[in-house]
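Several structures are given next for inspection.
Each of the next two complexes has chain A plus one more chain, namely chain B in the first and chain C in the second.
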Partner chain A sequence: MSEESILRVEGLVTQFSTDRGLVKAVDGISFDLHRGETLGIVGESGSGKSVTNLSILRLVQSPPGNIAAGKVLFQGQDLLQASEEEVRLLRGKNISMIFQDPLTSLNPVLKVSMQIAEAIQLHHGLGRKPAKAKAVEMMKLIGIPDAERRADDYPHQFSGGMRQRIMIAMALSCNPDILIADEPTTALDVTIQAQILELIKSLSAKDKTAVILITHDLGVVAGMCDTVCVMYAGRIVERAPVDELFYDPKHPYTRGLLDSIPSVDLSGPDRLYSIPGAPPNLIDLPDACPFAPRCSRVMEVCTKATPPETVLDTATSRSVRCWLHTKENQNA
Partner chain B sequence: MPDSQNLLDVRGLKVHFPIEKGIIFKRVAGWVRAVDGVDFSIKKGEALGLVGESGCGKSTTAMAVAQLQTATAGQVFLEGRDLASLSAKDLRAARKDFQLVFQDPYSSLDPRQKAQDIIAEPLRIFAKNGLITMDEAAIQRESLSLMDRCGLSASFATRYPHEFSGGQRQRIGIARALALGPKLIIADEPVSALDVSIQSQILNLLKDLQKDFDLTFLFIAHDLAVIEYFCTRIAVMYLGRIVEITDAATMARNPLHPYTKALLSAVPLPDPRKERSRRRIILKGDVPSPSIEYKGCPFRERCPQAMEKCALSPPSLMQAEEGHQVSCFLYGGA
Partner chain C sequence: MGKYIATRLLSLIPVLFGVSLIVFFLVRLIPGSALEMYMGTQVEATPEQMIELQRIFGEDKPVVVLYTEWLGRILKGDFGHSLRTGRAVLPDILSRLPLSLELTVIALFLALLIGIPQGILSSLRKNPVSDVLNRIAGLLGLSLPQFWLASLMVLAFSNTQGWIPMGNYIKFTDDPLRNLRMMLLPSLSIGIGLSAVIMRYTRNSMLEVLQMDYIRTAKAKGLAKRIVIIRHALKNAILPVITVAGFNTGYLLGGAIVIEEVFALPGMGRLALYAIYQRDYPVIQAIVLVIATLFVLVNLLTDIIYSLVDPRIRLDNGARHS
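Our next item is the complex of A and B:
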C-alpha cells in the first residue's frame, strides 16, 4: 500500500479486572491503517475485536476496563496520551463508529434528524437550521426515501435496515478520515445486508475514507476488505492482503476457519472441517500459543512459549504468529 | 390424502395473529398473516430446509407443525395422522415422534437443572405417564449415553447450563431432543447463535446423528449456505408463503424465483475473486408488513422483473420443471 498510514496501533493491551482474575481482552495488538483502505478484523466472539476498536476511541469503560499499554497514533498524535477533551473533538469528526445494533445505539426520544445534526452542529459550529438541512441531505445521500418528511420521525418508526442507514448518515456527516464499523450488518437480513455493505463501500470510496470493518463473517470480509487481520484470544494471529489470506492462509486457525464455512454455491467439501474444542478462557492465559489445544499441527514448542510475530512480507506487512512459520522453522 | 412415503405432510397451513386495538373494549383491527397457506411434505430420511428473512413466517411454521401454535387453517399430518385432531392425551404420546431443537442455547435450557437431568427430563415425563417403560437406572444410563453420543463427556453430567459454552449447550439441547427417539427433528435456527468454528461442529454432529438415528429434519435457518450444506431439499419463504421449493443442488445452480435469485446473490461468498466478479442483485426497500392483504404477488414491489399481471392476482405454487415448484408468473400460471 503506497498511501500514507493514517492510524497506527502499537502494542495495544486492554484488560478487564473481574472477580475471577484479570482478562486480557486485547493482548499486544499492532496494525497500520492507510488512507482509503478497508481493513477487516475477523474473529469469533470474545476474540477481542470490538474491544480493540473501543480502545482506539478510548470508549472502554473504566473500571473494569483499562488500557494497560500501547499507542494509538492518529496523524502522529497518541490518542491514549491525549486529554479527554482532545479525544472528544476527534470522535465523530475524524474517527466515527457504526455499531451492530442500530436500535440501542440511537436515542429513542430524539428525532433522527436531530441526532444526525448533533455532530454537525458540534464539529462544524453550524446553527440548528443549517445543521438540520445538512442532516436531511445526508439522509438523501444514504437512500432514505422521502427524507424531508422522515427527518422528523423517531428511531422506532424506521426498519432495521433504515436505522442502520441513519447510523451511517450520523457517522459520515462530518466526512471522517476513519470509519469504524463494528458488525454493521450482523443484525440485518441478507438482502438488507447487501444494501448496507454496498452503501458503505461506495461512500468510503468516494471520500477515500479508511474503514475498519469488524465482523465474524468471512464472506463479508472477502467482498469488502483490502487487508485482513484475524484475531484469536486477544491477538492478531495473521495479517494479510485479502486474496493471500483466502487463497494461501498460513495460520492453522485461519485455515480451519476457512474450511469450516459452508458455501452457498456448493463449492465446498461434502463434509465441513471443524476445529475441535472451543476458544480459551482469557483469564490467566499461560505462556503458550492460545490455539495450541485446538490446533491440528501442534508441536512441542507451542505449549511452552507464545509464538512471536513473524513478518513474511514487509511490502504488504504480511505476518503470522505461529511457530510453524518462525524464521528458525522456515530455515530448518 | 397424504402420501405414505412422506413422514410429514403440511396442507394449506395458515397462522394469522389478530392485531387488537382499544384498552377495555378490545376489537380486532387487522390480522398479521404470519403463515398464509403453506404446503410441503418431507419424505422419510430427508432434510427439508426452510429459508427466508426475518418475519417471513418460517419459525411460526415450525411452531405450528410442532403443535405449539394453533393453526388458523390447514392440517399437519405426521405419518398420515392429523396432529390437530388428536386429543391432548394422544398428542402428548405423539410428541415422542417429533422433537425440537431451538435457536438460543442460553434460554432454551433450564438454568436450575443439571445437564443430565435436562436430557433425562423427557424420558422421566414419559415414564411417569406410562408412555414408555423405563426405570430410573435405565433413564440414567440412556441419558449418559446420549451425552456421549452428542460429544459431551460424562464428567459434565452434574454441571449446570451456565458452566457450558454455547456449542456445548446446543449439544445438550440436541441430546434432549433425541432422548425419546423421535422420527422428526424440527430445528429452528440451531446454529445461528454460534461462532463459525462451533457452527461446523454442530452441523457435522447433526449430519452424523441423522445417519445413525435415521432422522428426518425440518431445518429452519436464515443462512442459505448452512441450509444448502445440510438439507436435501429447500423451500424459500416470503411473507408467509413458499415461493420456491426444490432440491438443494437445483436451488444453488438454477434458482427460478426472482426473490430466490436476489437472496442467493446477496449472500457474501468467502472467496475474494468470486466476490469481485459476481453481479449482485440489490433489492430495493424492505420486506413489507405481513398485516397488509395483497391483491397481487406480495414480492411485486421489490421485484426487478415485475409485470402488469403481478398486481392483479397472486401467483400460486406451480411445477416449473420436474421436482421444482415456483410461485411466479414468469414460469406460467394465469
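Our next item is the complex of A and C:
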C-alpha cells in the first residue's frame, strides 16, 4: 500500500434531519483507496455504507440529507469544496457507481444503448452514432449476447443478471478511476452473483480501476476485496486486510458477523447464529460504544465513553474502535 | 397494434347503442315537448290540426316505437331532419363540428402548455411560498366556472378589435391568423381548468419520479440537471398526465357548448344548446352520438400515445422477454 491513495475520505459526517431529530447516518468516517485496490465496506442495513458512498459523489438527497463535515479528496481535490459543476463532470467519468437493484436503477422508458451511450456522449464528447457504437461494444464486452440487436431493447426486456451487466457497462464505459459498487449482487440470483462479481473483478483489474464494494455478504468480501472496513452505526469499527479480518477479527461485532455465516458443519441450534439485539437508533447516540448493548464482552467503560480508533499496525493501517484493544487495555 | 385498434373500434357499437338509448329517453323527460315549445302559449289550434301537428312532430306513437324507428333510420345513415328548421341534421352538425374541435384542440394545447411547465417548476422548487401560490392558482383554475371566466374575458377585451368573435366568425381556412386570435380567449377559458389539473398531476408525478433510483443513476452518470429532468424524469412522469389529459378532452368538448354561447361562436355546442331549448330531439340525439364517438376515439388515441411513450405497454401481446 505504498502507492499514493487515489481517494482519501477524512472525518466524513453525513446527517439527515427527520421529524424526530438529527440522524447521523455517517459519523466521522475516514479511509484511503489506492489505485487498483478493492476495498470492501461491510455492515448491516442502516450502518451508513451506502450513504458514505453517495456522499463521496455528493448524491445524498438534500434536504433532508446534509454533509456536515469532512473531506473527500480525489487526486488531491476536495470534492466537498468543489463546485457542483466540477463534481458533476467527475461523476461517471472518474468515479462511477453501480447500484443494488438494476431494474429500478435503469430508466424503464429509455433504450439500454441510449442509457449507456449518454455518459459516453457527455464525457468523451462523441456524437450520437459513435457513442452508440461504443455502447454496443461495451455490451459485447460485458457479455450480452446478440448485442447489436438488443441495443434497442428496453430494460424490462432483459433478465436481472443482464440488467446488472448493463449497469456495469454503463459504469465502466468511460474507464473510471474508481468504481463504487453498492450491493451489486444483492438483488440477483445466487447463480448469477458469481458471474457478476467475476465480471467486475476482471474488468477492474484490466484498467487498474479501484473498487469500493459495499456489501453485507462476507462471502463476497472474501472473494473480492483486498482491504475491508466494517461499519456499525455510522462508524468504521474495524479496518483490516481481508485475510487478517477473517482469521483474526478484533472487534466483537466483526466476530459476530463472521459467526453469523451459516455453516454446514454445525448442526442443531448452533447452525444459525445471529447477533442478539438490533442496531441502535441513530438519533442522539449517547457518548458510548454503540455496539455495547449487543456486545458479549461489554465492560463498564463501554457504556461511559466512545472508544477511540486504535491503530494496530501502521504498515497495513489495521485499526479497531473498541475498548478491548486500546493501548491502555492492551498493556493492562 | 392494428388488431387492437380494430377491437377498440368495434367496441364503439355497444357504446353508441347504449348512448342512443339513454339520450333518446332522457331528452323526452325534459318537461315540455317539441310541439309545446313550437306552439307557445298564445296559439290556438283545432283538435284536427293538433293531430296533424303531433304526426309531424313525431308525438303520435309510443316512445318505444319511435325509438326503434329512429334507430332503424340511423342504421341506414339517416339522422333525420330538424323539427324546427326542417333541414337534414347531419350536414348541419358536420359543418359546425370543425369549430368545436378546433376550440377543444386549442384548449387542450393551452392546458398542456401552461400545466406541464408549471408542474415541473413547482416540483423542483423547494420554496414554500411559491408552492403555496402555485397551489392557490391551481385551485382557482379548477374552481372558477368557465362561463364566468369567459364573461370576464368578454368584458375585458370587448373594446379590443379582433379578440372577441362576436358574430363575425372567420374560418381557419379563410384567415388562419385572425381565426386563431379569435379562438384564443374562448379556448383559454375552457382550457384553464384543465391546465390546473395537469399542473397538479405533473407536479405530483414529477415529485414521485424524482425519488426513483434511475434518477440517481442518471445523476451518477454526470448528466446535467436539465437532461436528468427532461429526458429521465419527465418522460416517466408524463404518463399519468397523458391519461388525465386524454380523459378530460371529452369534457373539454362539453365545455365548448357553454363557451360557444358566451362568445357567440357558431359551433356544434351552440347548435346543441338551441336544440335543447327547442326540444329539437333529432338534433340533440345526433349531437350526443357524435360526441360519444369522439369520446371513444380520443380515449383510443390516448392509449396509443401511452403505448408509444411507455415501451412496457404493448397493446398487442407481442412483448419480447429474454
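Methods note: the second predicted complex is superposed on the first by the 322 of 332 C-alpha atoms of A that agree within 3 Å, B and C clash if a C-alpha of one lies under 4 Å from a C-alpha of the other, contacts with A are read in each partner's own complex, and residues count from 1 in each chain.
Note that a contact is a pair of C-beta atoms (placed from the backbone, for glycine too) under 8 Å apart; a residue touches a chain by one contact, two chains touch by 3 or more.
Note that the structure is predicted; figures quoted are calculated from it, not measured.
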{"item": "Which superposed partner A:A278 touches (first chain B, second chain C, both, neither)", "value": "first"}
{"item": "Touched partner set for A:V220, first chain B, second chain C, both or neither", "value": "first"}
{"item": "Partner chain(s) touched by A:G125 [first = chain B, second = chain C, both, neither]", "value": "neither"}
{"item": "Partner chain in contact with A:S45 - chain B first, chain C second, else both or neither", "value": "first"}
{"item": "Touching partner for A:Q193 - first (chain B), second (chain C), both, neither", "value": "first"}
{"item": "Partner chain(s) touched by A:V109 [first = chain B, second = chain C, both, neither]", "value": "second"}
{"item": "Touched partner set for A:S263, first chain B, second chain C, both or neither", "value": "first"}
{"item": "Which partner reaches more residues of chain A (counting touched residues only), chain B or chain C", "value": "B"}
{"item": "Touched partner set for A:S159, first chain B, second chain C, both or neither", "value": "both"}
{"item": "Interface residues of chain A shared between complexes with chain B and chain C", "value": "159, 162"}
{"item": "Chain B-facing residues of chain A, complex", "value": "44-45, 159, 161-162, 189-195, 197-198, 216-223, 242-243, 246, 256-258, 260-268, 271-276, 278-279"}
{"item": "Chain B residues within the chain A interface of the complex", "value": "53-54, 165, 167-168, 195-201, 203-204, 207, 222, 224-226, 228-230, 248-249, 252-253, 262-276, 280, 282-283, 286-287"}
{"item": "Parts of chain A lying in touch with chain C, wherever the complex brings them together", "value": "54, 57, 59, 63, 88-93, 96-97, 99, 101, 104-110, 118-119, 122-123, 150, 153-154, 156-159, 162, 167, 170"}
{"item": "Touch list for chain C against partner chain A, complex", "value": "126, 212-214, 216-224, 227, 231-232, 235-236, 309-312, 319-322"}
